[in-house]
Amino acid sequence: MTDPVLALHDLRLAFKGFTGTTEVLHGLSLSIDRGERVALVGESGSGKSVTARIVLGLIQEMRGAKVSGRLRFQGQDLDRLPKRARHGLRGTAMSMIFQDPTSSLNPAYRIGTQFREVLARGTPGITAEAATARATALLDEVAIPQPDRVLAAYPFQLSGGMNQRVMIAMALANEPALLIADEPGTALDVTVQAQTLRLMRRVVEQHGTAVLFISHNLGVVREFADRTYVIYRGRIVEHGPTEAVFHTPGHPYTRALMAAQPRITGGGVPEIAERDAQYGDPMVVHPTGAAAGAGA
Amino acid sequence: MQAVLRVLLKRLGTSVIVLIGVSMLIFAIARVIPGDPARIALGPNATAEQVEQLRTALHLDQPIAVQYLEFLRDLGQGDLGMSLYTNRPVAQDIAQFLPATLELIFVAGALMILIGLPLGMIAARYRGRWPDDLVRVIAMLGVSAPSFVWAVVLMLVFAFFLPIFPVAGRLAEGFDVPTVTGFLTVDSLLAGDPAAFVSTLHHIALPAFALALSGIGQAARLTRANMVETYDRPYVEMARSYGWPEHRIATRYAFKPSLIPSLTIIGLDFAAMLGNAFLVEAVFAWPGLSRYGVEVILRKDLNAIVGTVLVISAAFLIVNIIVDLLTAVINPRIRYSERAK
Amino acid sequence: MRRVIGILLANPLSLLGVVLVALVVLGAVFADFLAPFPEHRGAVVDFLNFNRPPEWPYIFGTDLVGRDLFSRILYAYRISLMLGVVVLAIAVPIGVTIGLLAGYLGGVWEYLLMRLTDVFLSIPPLVLAMSIMGLLEPTLINGMLAVTAMWWPWYTRLVYTITRGEKEEGYVLAAEVIGASRSHVMFREILPNCVPAVITKMTLDLGFVILIASSLSFLGLGVQPPTPDLGSMVAEGADYLPDSWWLTVFPGLAILVAVFGFNLVGDALRDILGAER
Amino acid sequence: MNRVVKTASAALLATTMLTAALPAAAQTVLRLDEVPVGELDPAKATDNADSILMFNAYDTLVLPAQGGPGHVPHLAESWEIDGNTFTFTLRDGVTFHSGNPMTAEDVVFSIERTRALGQGFAFLFTIVESVEAVDTRTVRITLSEPYTPFIASLVRLPIVDRQAVMANLGPGDGEMGDWGAAYLSGMSAGTGAYRVVAHNPQDETVLERNPDYFLPIAQGAPDRVRLRYGLEAATVRTLLTRGEHDITSQWLPPEVLRALANGGAQILSESGTGAFYIKLNTTKPPLDDVNCRRALAAAYDYETGLRITQVTDDWAQGRPSTGAIPVGMFGSNPAEETLSRDMDAARDHLAACRYDPADHTLEISWIAEVPIEERFALLMQANFAELGFDSEIVRVPWALFTERVSSPETTPHISQIFSNAQTGDPDTLLYPMYHSSTHGTWQSPEHLDDAEVDRLLVEGRTAATPEAREAAYAALNDRLMEVAATIYAFDRNSLFAANPRVTAPALSDPAYAFGLDGMGFSFRLMDIAE
């Protein structure tokens, strides 16, 4: 009960290539409590997306990838878990939603078919009727007006926002303890994105799902996350309650990131100096307990 | 289904235009040849007078445009003229020889799909590892030698040194299968003669495989390429994130979407097979249209050449229309194109 | 460029391809020095040494009139490569230009040019080449003509597809906005984007031209004797199987080696240049 | 899934057993092959394959005598010759496959039909002025000019079932429509010992024994015959080795025949009716000078040429040539007086020639469909180079060849031809080659114009007695050697590899040979061991 949903300790990732080994993550530590929404913020290439994929175990399946450090999920040591059991967590205990909703759904199958398969992961042998009923309920929950029409449709027949909601509904279908959201909705229209995020926030609160929220967009993070980790070049440079990080950014990189952020919540990668000697400064940690409630 | 119908109509229309183009092209080629078709037709012992008569009878003394129109008019009546090679109407020859070739090509096409696609799937599934390299080498070897080389090799190995397959022909002696479709495999089943059916399969196996080899290579490489591309698609990663086993991802998530572009190319591969059948039929003494085509080309049998090329092109277009329709049926994007708009 | 070569040499399969292609090309270019019996490329008879199995100095054996097969294969490579280069040198510019025109101009042009391409594409390639060769006299020039006639449409299709995609790209629109001429847009803006795909296809096609030419020769419609030609050698030798196996096996292998080599290299190039379509 | 597999494999097993259990055919089947296509229409048939079909599915008024010259009665019981009039008395009680009786009307119809269609061997019958049925068993044929070997021509006149054809006329110009061409292209309407049960001109013709044949058929003769077309040499080799074939065509290269003979096949042969001719274009410099032609004829290496045709120690596809007329025909030289190479004579002839070899390049052609000719082309190239002639070798497809020889200018310097006497009589071999009225065909690429040759050719076909004809042909032989329009490379000996179970006296014993190509393939005279 006291165990965090997810705890990463000294996570390192290296790729073996033609020219030798390249380390991508340099000892990253991070934890998420039950029902907590945690953001991992950084520019593209900083290592935030691979972190998400390591949690799911996708990177470990790639050839040439070497992962070290400890990964604990709900008190279990993921690395010690047998492969099958580890695999079994995906889609059930942890799930993920992706950047581009439309291309992340299989174009060759109807939404209903794909939904049923997801449900079957959690409830093997689920009947078609039960699956449809459950899917309808879930779609209803994410405010999709005509669930049966959507279930009968192919992804390319739906709008991006609609597909995003479908994906959220699917991700929550098996009541996972952890939801990983990788730049959700970046491919969408700004207003649609905002709507979806509000919706997602509401739903995860209802389900009590912990969220690892990955984004480069500080505005979005500020709206969504309880706690924030700032990542730069494979290292966490600052972390603490979201409000604290935003109010008093301690690390030069965080400050640069925030300065580059447009005032209005919007897309686009912040333009900041490629490299700065100061960015190598030690990690800044904001005390957690004091501001824990501020974001809620 | 309305969209599928629209695809069909559009393709049929284009095909007719293309076929007219083909007929003009082949007709033009056939008329610019050096040598007098009438003399060739009449053979060695004809007199000059006979040659002149035949020239008039064949309209060879008229302008080429008039000749073409005459040709089209006859074609409309199903008359392709007489073959100098068999001394029979070309239409009759084609009707007799086409089914054997089509049967060979269909079986080879089935082999191509049944062997090529799984090979491609395996290669993509194990991308960059030894099965991938192995499939790549097999596929490339298949493509790298002309089908007549494979035909000769297969015959030597499986009919001469290891006499487990028949050498030539379509059916063993002692069977009598009434002709209904001209496809002996089908006819033997229609005749309710399973032994004859087995015999037809036994006979068609080697030539079909020799013909299919390069197609198998093409199909495998293509499927691999498309699946590799599909594997990089977000929905495959999403499928992985839901923990599907890899074999399931390969068959269900990566295969179907990558089949759609593959199908089009497989349709084109039929064209190659129609051509390569020329080589394989020669080796296995397969009494098909391709072998007929070779003979008439070597003998400058104009009517027969024009007829054969037209029919083969038509067959090719039909196969491609079928492939397009299949694609339309498999690919929901085309099927629902109207609703999407 | 150095990166391309580096990657080519790093993968064992593409390295094999490079080696095979190098062997074929060098063999063809230096045939005069490498062939033990250079005069055997022509009409020479040696009825004392005909139909010999492989033995020194005839490492691939001799043919039915006593000519050294190894020497003839080297010279056959020379003809095949020349044919391949000439065919592509004619077919590629034609095909690429028509593809660019059809893809970029659109409208009536697109319809007419692509239907014309369809006409050529809907006659199976070998059948088209055979018809041309069968009706004209079988000479090397006509052979090139026939193979070229069947080859250009494939480049048209390839370039057409790319052009249609690139036409909508920002850089093309930008060039149009600043008032660049159509030919400038086609040949200076779009064409460079077709180059990787075209080069990859050309590498693969060098092998396939050899293949098609040998198929034509197999049917007696290709290069004429006594000029050495791999397809004719296989065709003539096939009658004497399995006893005089060397007559078929070595020329057959020679075709396989050349086409396989070009395929491996072309395939590797495709991966490297990302010209996958 | 599993159940499906099981069911399928059970079905497969069952059918395999069915195949295995299929009783060995009670019938004996003879399997042979020829080049395509097989022409079934008697008015169009010409090739070897066609001849085999004709000689089995149809009968002719006369047959060549076995083992010697002359002709014996067949459908005609007897005949009388009176100048240009030939009167035949037909055998009684002969019926066609249809059951119709064979009568004089059928003979008349057969000649009329051949002449009307104008194809195949129609040229043999252009000299027929009239043909009439005197009564049901008597036919009278009158020629427009004297032609002694007319009896021989009759072996090329298969007698067709008139009633059957008349009942099956197809559309065409005139009241006779297509003269039954469509009908007869897939069906036999003759009296022959075998009748066609299936015919695919490119694949195979299947014949079966005619139980109502008017002559006794040997007990061991095949019940069924499959004549297959267009098998590749390697295919035939494999089939025969596996015991799935009986007699090969004559077109196999010597190496393949050798391999088959070494593998236990027997060799059958037909000879005496033709030769391999190297034809010199007598209108083109330098070959318009007889001395240059004589030089080439002397320089040609006859021994090596024969060695190319050697199959085994005992068998070769060629026999030494003795002159213009093949050994065994009217007017031929004795078999032991063979031609051979003589370089000294060649140089002497060349010295007498008004051309300098260095000024001319000889064009040596070979027929694309007959690959062995390439070897002879290469041999000649080497031989003639010794005299100082440069030459280029060109490969000409048959169709183009017949086109090129139609005019002297386009005819190559040197052409190679295998030719036979089409009726077995020397007239049908030599007249089309050398008479000045027959220029421009594949048989006459010499374009020879020699009054003496013309005179002797006419004498040969009009002289009334065999002795007189013999004398004429002997003189012709000498004259032809003198004008040296042709190099007589070798006499042709057609060889067939055959399954040892086949006994075919007409193809193995000279005493039973017919002296007409293809007639040895009369299946009724064969014996198939079980």
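Per-chain residue numbering starts at 1, and chain names A, B, C and D are given in the order in which the chains are listed.
In this section, a contact is a pair of C-beta atoms (placed from the backbone, for glycine too) under 8 Å apart; a residue touches a chain by one contact, two chains touch by 3 or more.
Computed from a prediction, not measured in an experiment: that's the story for all the values here.
Student: Counting C-beta pairs in contact, pick out the pair of chains that comes out on top.
Tutor: So the pair of chains linked by the most contacts is B-C.
Student: Among all chains, whose Cα centre is located farthest from the one for subunit B?
Tutor: A
Student: Which one of the chains is closest to the middle, using the mean of its C-alpha atoms?
Tutor: Smallest centre-to-centre distance to the global C-alpha mean: chain B.
Student: Using mean CA coordinates as chain centres, what's the gap between subunit B and subunit C in Å?
Tutor: Here the centre of subunit C sits 22 Å away from the centre of subunit B.
Student: Centre to centre, by mean C-alpha position, how many angstrom separate subunit A and subunit D?
Tutor: For subunit A versus subunit D, the centre distance works out to 88 Å.
Student: Hey, how far is the Cα centre of subunit A from the one of subunit B, in Å?
Tutor: That pair's centroid distance is 51 Å.
Student: Taking the mean of the CA coordinates per chain, how far is subunit B from subunit D in Å?
Tutor: That gives a centre separation of 38 Å.
Student: Listing for subunit D: what residues touch at least two other chains?
Tutor: In subunit D, the residues touching two or more other chains are 232, 234, 368, 397, 400.
Student: Send over the residues of subunit B in touch with two or more other chains.
Tutor: 152, 156, 160, 282-283, 298, 300
Student: Tell me, which residues of subunit C touch at least two other chains?
Tutor: If we look for residues of subunit C contacting two or more partner chains, we find 137, 220, 238, 241-242.
Student: Using the touch rule from the top, collect the residues of subunit B that touch subunit D in their complex.
Tutor: So the residues of subunit B touching subunit D come out as 35-36, 39-40, 43-45, 50, 85-89, 93, 96-97, 152, 155-156, 159-160, 163, 166-169, 172-174, 194-195, 197-199, 282-285, 287, 291-292, 295, 298-300.
Student: Help me check something: in the complex, which residues belonging to subunit B touch subunit A?
Tutor: Touch residues, subunit B against subunit A: 128-129, 233-235, 237-245, 253, 256-257, 260, 330-333, 336, 339-340.
Student: Inside the complex, what are the residues of subunit C that reach subunit D?
Tutor: Contacts found on subunit C: 43-45, 47, 51, 64-65, 137-138, 220, 224-226, 236, 238-244.
Student: Which stretch or stretches of subunit C touch subunit B in the complex?
Tutor: 13, 115-116, 118-128, 130-137, 207, 211, 214-215, 218-221, 231, 234-235, 238, 241-242, 248, 252, 255-256, 259-260, 263-264, 267, 276
Student: For the complex, which residues does subunit D have touching subunit B?
Tutor: 11-12, 14-16, 18-19, 22, 25, 29, 36-37, 39, 41, 44, 118-119, 123, 181-182, 185, 200-204, 226, 228, 230-232, 234-235, 238-239, 241-242, 244, 368-369, 397-400, 402-403, 406, 432, 441-443
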